[in-house]
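By letter and in written order, the chains are A, B, C, D and E; residue numbering begins at 1 in each of them.
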Amino acid sequence: MTLHAELTIARDSGFQLELDLRIEPGQVLALLGPNGAGKTTALRALAGLLPISAGLVRLDEHIWDRPPEVFVPAEHRPIGVVFQDYLLFNHLTALDNVAFGLRARGADRTTARATARRWLDQVGLTDHAGTRPRALSGGQAQRVALARALATDPALLLLDEPLAALDASTRIHIRADLAHHLADYPGHTLLVTHDPLDAMVLADHLVIIEDGAVVQTGPPAQIARQPRTDYVAHLVGLNLYRGTADGTTVRLRDGGTLTIAEPGTGPVHVAFPPSAVSLHPENPAGSPRNSWPVTITTIEQHAHTIRVRLDGTPSVLADITPATLAELRLTPGTRLWATVKATETTAYPA
Amino acid sequence: MTTAVRRGGRRRRRVPLVLAVPALVGLAFLVVPLAGLLIRAPWGTLTDQLFSPAVGQALVLSLVCASLATAICLVLGVPLAWLLARGDLPGRGVLRALVTVPLVLPPVVGGVALLLVLGRRGIIGQYLDAWFGISLPFTTAGVVVAEAFVAMPFLVISVEGALRGADPRYEDAAATLGASRWLTFRRVTLPSIAPGLVAGTVLCWARALGEFGATITFAGNFPGRTTTMPLAVYLALETDPGAAIVLSLVLLVLSIAVLVSLRDRWISTPS
Amino acid sequence: GGTDTPAAPAGSGSTAPTVSGDITVFAAASLTEAFTRIGKDFEAANPGAKVTFNFAGSSALAQQINQGAPADVFASAAPTNMKQVTDTGAITDTPAVFVRNKLEIATPAGNPGKVTGLADFAKQDLKIALCAEQVPCGAAARKVFQIAGITPAPDTLEQDVKAVLTKVSLGEVDAALVYRTDVKAAGDKVAGMPFAEADQAVNDYPIAACAKAPNSAGAKAFVDYVRSDKGTAVLTQAGFAAP
Amino acid sequence: MTTAVRRGGRRRRRVPLVLAVPALVGLAFLVVPLAGLLIRAPWGTLTDQLFSPAVGQALVLSLVCASLATAICLVLGVPLAWLLARGDLPGRGVLRALVTVPLVLPPVVGGVALLLVLGRRGIIGQYLDAWFGISLPFTTAGVVVAEAFVAMPFLVISVEGALRGADPRYEDAAATLGASRWLTFRRVTLPSIAPGLVAGTVLCWARALGEFGATITFAGNFPGRTTTMPLAVYLALETDPGAAIVLSLVLLVLSIAVLVSLRDRWISTPS
Amino acid sequence: MTLHAELTIARDSGFQLELDLRIEPGQVLALLGPNGAGKTTALRALAGLLPISAGLVRLDEHIWDRPPEVFVPAEHRPIGVVFQDYLLFNHLTALDNVAFGLRARGADRTTARATARRWLDQVGLTDHAGTRPRALSGGQAQRVALARALATDPALLLLDEPLAALDASTRIHIRADLAHHLADYPGHTLLVTHDPLDAMVLADHLVIIEDGAVVQTGPPAQIARQPRTDYVAHLVGLNLYRGTADGTTVRLRDGGTLTIAEPGTGPVHVAFPPSAVSLHPENPAGSPRNSWPVTITTIEQHAHTIRVRLDGTPSVLADITPATLAELRLTPGTRLWATVKATETTAYPA
């Protein structure tokens, strides 16, 4: 029961999507990518709302879409979809929205309602069962949409930003519930999300697309360690550089050099976390093998750390403690020395 | 630069003159003639004639036929509107225009057209007559057919407009929930165009109620069988215009009563 | 044939003083063909005069005149409608009957219903169309049947002759009572069948100049012309009977 | 359980029979009578009469008057529709029903009503006449008035339906951007109901084009001045029914041509 | 030019909002709260889209809303709003959407278009200027909405989740740009967001509401250190406990005790980060003053750390390294001892 999709889609806006997906039963595949990368487009194609221009979509031996001859319309695909903008039916109550799919798939009113109610409880909207979508808050609406998609437990779940509108705490709970649900869920799941955390927590496998093409795939942990593009680096919060290794020295493509732990040769990626960067008023003697002059461009106050953007060759992100900030009296424009232990860097072939 | 205003309920903003003025002029234009009728109508003289069984018959017949015609229009017209709005057929533009035929056709000619098709010697009528012994002209059924023919375009076109305005992505959502296109149509599309549908139905019903030319031409005029109010009014016009005016006012009052009572119910359909 | 004309009014059309200006004639729709021709002849006889017609149902015309329509002449298809106007004083002269119209039995070409006479109008199995009693031809028909002592079994009581005729010409009805003029106008699609009682139920067409006629001289002249031999000739040709 | 189907363009789903069948029946019901006319029309005999200047005059007059009437209806009717849909007035239900008056009123009675109000002796007409020397009856302007009176409800009601269906939150958004209610109406509300507006306009125009009863009663039947096609048809019925049919077909073809050409342009308005 | 709002709003759904706000010129106030807390409601009230039931809204001496007599409708308030669901005009191109406000405020077409184009560039949509909203991706749409609100530079900016739909990297950029813009922006800004990071980075002052009422206000850093409710604790990622201090011992309300550094008395909050928790197979002797038995309920793989939810008295969240995870062979159900140094905890009066 593998879901196998080779999508080739051309939008009249000139946008082109080229994407191969393979989702095993019970597997959760997260599709990540910048805005306009084609995530929703891919999702609509799998849902049968957008015929593919070429390629193939099949669940096991059931062929869902193969131009030009075969096309199974959405209502004949065993799917559940959470749309980015929810698309709740405004003339139905939250409860009936959730019950809709069950009714459509043949459940009688009472059973459908009962099941729907259970799902609303799950997403914590027990007492909004009778509310109309227009009178729901953003997050409440999204949770109804989630319940509506899950209620029919479909063979293929397509979730487009299912948690985007949820607040921190609700999100943690819903995410945990979702994780549970997906864990003992035999079907296939495609999760579109911008939140690396959601991806890390919920998905077994990540596919990252940029501008309609795949740039990196793999298990979350590996991608977290070894990003291959700036977008992915941003995503997982690492400093990433491309360069050419010669022994333990890497000459960076955009200027500057870095010393790494294990010698290598040829084109490599070098990555290290902002927390690995330490800052000093002047060039420190000794141990750390990498040190270069930098200038502060911006200082961002995060919950427990402070993130500093540093201009230099190379430019770099550093996380420091409020203490350091105070003690060094850092402000944008301050000139400093950045140091990174070679052992804190990871280098891997580009 | 910020000007304060009296606060007024939910849609809390002042009505701009540039809209209010023409709106009121328009309202006056539609309603004042009615006032004219009310003033000039020779009430006293003909209350007796007013409550004659004949008038009662005509009223009932009008309401029944108009309602039946509307029902037919709904059953046939709404799907047609949907087909024109959503289905992808060749030459939709022409079809859409063809639907307006009964609008432009002078009703009498429309009646003639119906006779040519459904009459005793009509293209189809002759077989209806020969095979099933069905003959529509001069029957109440004929009245319903004539009214439906004239009134249907109003329903079709306004419903089609509503459909075209509705967001198809909700139908997509319904499809992903396993709803057949028919279920989607019933449970999602129709409710979402409720206001447009109501508007179309009102137009259709009112037009059917006021229909004259096609009816008398196709169904003829026989008291109790095919004499609807408008026919009664026209005949009254021949002899006693005053009576005619009063009769049409009666018809008017009745239809307004029906609309007010029904619409407020329908309108409460959310959308 | 309209030969038995009574003495035409003094100074009949031919010798009338020529008039000028616009003359607006409100005339019953059934006079369309005849009056259009008369109008042309009149203009020929009176250069400088221009006749404008407003053809519509007699009742509508009556309404318009009562509401102050700028009419010079009103030619009605029935005394009742003329009366509606004289009652309000919109016309003060006593209207003159300028033609009469007789009923005929009309059947579709080939007479599929095998209609032989008035008697057949009582047959239930035949489809019969009559005019409603509110309109002249209906009233006339009623008279006819009273005289003949027949209770007709009509399937429809039409609101004007043309509606009846349409149904006859389309074969929707087997028989109907309409005016000779209409049978004539309908051509070969409709067969006419005169009958005796018709003479006792003729319908008079009254004509008169309006009291507030913008062009009263012209109005008078046109009325006279219509009633003159020339006018009558045209009308009889159209199937009307001279008064 | 998953059934594959031929793929068809964007709205890629099969049309369900339960919709297609009534839709086609409905279409047939509207169009077949037209076919009947086309078949039975005695074409050959009267091409000459067909291209007579009189007919040309009537055609032009019909188009001009119908279009002017539609323009008036748009100017007065759209704001009225907006008032009924958005403004919060007391007794909206009744107002809405009053708007349907000219629908139910038999057109001839409508014409009488107009005479009573705007006629030379009319409630308002007498002053128009006395003060400005304006007299509407029996003028082309009168035709336009009569047609507008009869056709306006169709515009008002269908536009109101469309407005009621539109999402008012977009008007909120416009307001926060500093748009006056009038600007919002023009730049946001109207475009968002384009399809409904088009539908209403089509109904209005077509109805005006086919108007007969009110016109002949209020404006009379003066060739070149007030004789529109439907009136010409009526007169033709008096003399030569065949000609009448052909004339109305000419009117029909013309209107269909206009609609097809215009609508496809309008419809391309996104929404 | 202070914006001062005392909002009392009752929704027909029975929801009640009670909220006082005061925004100084140039200040960015972030309104945080769980779904359905009333954030959007408050925002709509300030925008003039929802008349308040009682209270007052005024900008300096201009009174905008004071029932029953005064109400300034939205179009007469100098505001810019980003709606949670964007509400872009579907019949206008992205460019004209942005230009709309300028046109409405009297700019001529060309000027408006020019300005609009600049804003589209700012949000990185230069080449979508001609696109219709329906053909934009979620994130693109949101950026257009943001540009539309900023373009008229209003005296009061109301942003409802302005970055929710943006992907990680775009978000970082837009956020930085927004921060810049707001920094040298004289007007008042109300920012509704679920993302603590956005709040921390963009706002000078946080107001946190739950279920229509304020639960905590203050500068980001302080709130990050001393959360007062579970929601806020979640928000800033701390373990939070309520209890009664007696010297350095705090008896927790929900059971268990904790030892804190500085002695105190009476009701207190005790907070410490998940990273302060270390886990041991059996009860470790010595130094750490807090240790108690716990059971693992869930394990979440984050980018560079692993977050473990532990059941016990009290329950607690702990962040551990992949190394620890491997070495202790942790799985849900594993029984362990949790330890927290007293010095790592912060206690503050409840």
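Quick note on the criterion: a contact is a pair of C-beta atoms (placed from the backbone, for glycine too) under 8 Å apart; a residue touches a chain by one contact, two chains touch by 3 or more.
Fair warning: this is a prediction, and the values are worked out from it, not measured in the lab.
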item	value
Set of chains adjacent to chain C and to chain D	B
Per Cα centroids, the chain farthest from chain A	C
Distance from the mean Cα position of chain D to that of chain B, given in whole angstrom	14
Averaged-CA centre spacing for the pair chain E and chain C, given as whole angstrom	89
Inter-chain centre distance, chain A versus chain E - centres from mean C-alpha coordinates, in Å	20
Whole-Å gap between the CA centroids of chain B and chain C	36
For chain A, residues contacting two or more additional chains	73-75, 77-78
Chain B, residues touching no fewer than two other chains	13-14, 108, 112, 116, 175, 180-181, 192, 194, 234, 237, 241, 271
Contacts with 2+ other chains: residues of chain C	60, 63, 166
Touching residues (chain side chain E, partner chain A) in the complex	11-13, 32-37, 39-40, 84-85, 131, 135, 137-140, 143, 160-161, 164-172, 176, 179, 194-197, 200-201, 220-221, 224, 230-231, 234-237, 273, 298, 300-304, 322
Interface residues, chain D side, partner chain C - complex	108, 111-112, 115-116, 119-122, 137-138, 216-217, 220-223, 234-235, 237-241
Sites on chain A touched by chain B in the complex	47-49, 73-75, 77-81, 83, 87, 89-92, 100-101, 104-105, 132, 148, 152, 158
Chain D partner contacts - residues on chain C that touch it in the complex	29-30, 32-33, 52-56, 60, 63-64, 67-70, 162, 165-166, 169, 185-186
Chain B - residues contacting chain A, complex	169-170, 172-181, 183-184, 187-188, 191-192, 194, 269-271
